[in-house]
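Have a look at these structures, which come just after this line.
Here chain A shows up in two complexes: once beside chain B, once beside chain C.
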Partner chain A sequence: MSVSERSVWVQLIVMPVVGIVYFSVVLTRAASTPVADVSWIAPMIWAMSIVVVGIIAGTIASAIGSAIAQAAQGNEPDLEEGDVRDKEIERIGNLKGQFFTGIGTVAVIVLCMLRVDVFWIANAMFLAGLLSGIHGAIAKVIAYRRGF
Partner chain B sequence: MASEPISKDEISFTEGVLYGGIALSLATMLAYLAIVLTRVFTDDVSVTKVAWQGPMLLVLIIGGSLYGIGYGVARLRHRGAVEDARDKEIERYGESINGGLAGLTVAVSIVLLALNVEPFWVAHNLLFGSWFASFVSTAGRVAAYREGIPA
Partner chain C sequence: MTKPTRVTNAIRQLRFAAGEMTQADLAERVGVTRQTIIAIEQGRYSPSLEMAFQIAHVFAVPLDDVFQYPRESTD
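Now for the complex of A and B:
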């Protein structure tokens, strides 16, 4: 498994987990306080940072873990950076991920037109970004496992 | 009769759709700017208070419908395969450009929202950012058709 593929698997784990935790925290707050008073900025910055750091740390950790496992079995560790196939799969994933970004963009523009609270606009945008990342990662995993 | 292979000077169906899309996106964006800028200069209100919602909605609906109708008509008139492996490859290449810029637009929007600016700016950042992303990626695809995909 190349480093690129490992990173896709880590994305597939980190993004849904962070998304679920973030929306649980923020929506719980929104249920008990008026949305205008809910502080969503700090949790969102935390969530974004955890996604980025989590993907980097997870990819490194899984590469080290697999290298140790390979070495224990007496095989050469596979630390390939990625090749043309990885690049092609990256593009396929980006193409699929665009779907939710597009829907999210239109949804947010409509929410701006309706002048709803900033809380809903920002969270709709964040949800769209998260879904597009997860959708893209699923498409990449399918491409890695089943071909394209 | 065996079909002739497409020469470099001939354009494929997908490339044709691309040129149509560029023309349409330029026309709709210019129409939107013309309407909103006219309102900015003639209505006696600040920029963010201009009635932009109606024109933007209309531009999105009319632009989307015209593209859909144009594509449908071109598809019905076209004989043979719509796209080949090269078209697909170029489409993915274009989307990888689009993805980066669209991601940046989304990030800027979230920052604008965090700064609590008027929804006017958020909506326009999204409109112009997405438009610019698709324009640059389309330009990249046109270049890829003419010059090949950069390594």
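Now for the complex of A and C:
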């Protein structure tokens, strides 16, 4: 498995977990407090940071783990960087991910037109970003495993 | 499961005919990852025309000896 594919698998684990935890926390607060008073900025910054750091750290950790496992079996460590196929898969995944980016953009415009609280606008954008990343990662995994 | 490409290939046979060349050796000579060679062999990835020629050059055979594409029936 190339480093690029490993990174996609890590993304597919980190993004849904962070999204579920973040929205569980924020929506639980919103259920008992007026949304204008809900503290969402710090949790969102934490969530974004954890996604970025988690993907980087997870990719490095999985590469080290894989190298140790390969070495234990007497094989060469599989630390290939990726090639033209990985780039094509990256492009396909990004293209698929744009679906939710588009929906998110329209949703944000509509929410702005309705003059709702910034809580809903920011969280709609964040949700669209997460769904875009997850959808793109699923498309990449399918391309890696089933072909394209 | 339906294969995403109708292109078939004889890379596995050609590798064995070339002194049991490994997928890693072929990957290195073509300049791609071993995963890409595996994906091509299993019909999960259609290489670019340039990569197809590079693979054929490694085995010193015409392109048709490496890759095949079924003819459409005209009936």
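The rule we apply is simple: the second predicted complex is superposed on the first by the 148 of 148 C-alpha atoms of A that agree within 3 Å, B and C clash if a C-alpha of one lies under 4 Å from a C-alpha of the other, contacts with A are read in each partner's own complex, and residues count from 1 in each chain.
The rule we apply is simple: a contact is a pair of C-beta atoms (placed from the backbone, for glycine too) under 8 Å apart; a residue touches a chain by one contact, two chains touch by 3 or more.
These numbers were taken from a predicted model, which means no experiment stands behind them.
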For A:Thr105, decide between first (touching chain B), second (touching chain C), both and neither. first
Once the two complexes are aligned on chain A, which partner has more residues of chain A within touching range, chain B or chain C? B
Just chain B (first), just chain C (second), both, or neither: which does A:Arg85 touch? second
Given the touch rule stated above, what does A:Arg115 touch, chain B (first), chain C (second), both, or neither? first
Note which residues of chain B are touching chain A in the complex, please. 53, 56-57, 60, 91-93, 95-96, 98-99, 102-103, 105-106, 109-110, 113-114, 116, 119-120, 122-123, 126-127, 130
Partner chain C, residues of chain A touching it in the complex: 1-2, 5, 76, 78, 80-86, 145-148
In the complex, the residues of chain A that touch chain B are 41, 44, 88, 90-92, 94-95, 97-98, 101-102, 104-106, 108-113, 115, 118, 121-122, 125-126, 128-129
Chain A-facing residues of chain C, complex: 1, 3-5, 24, 31-36, 39, 42-45, 48, 51
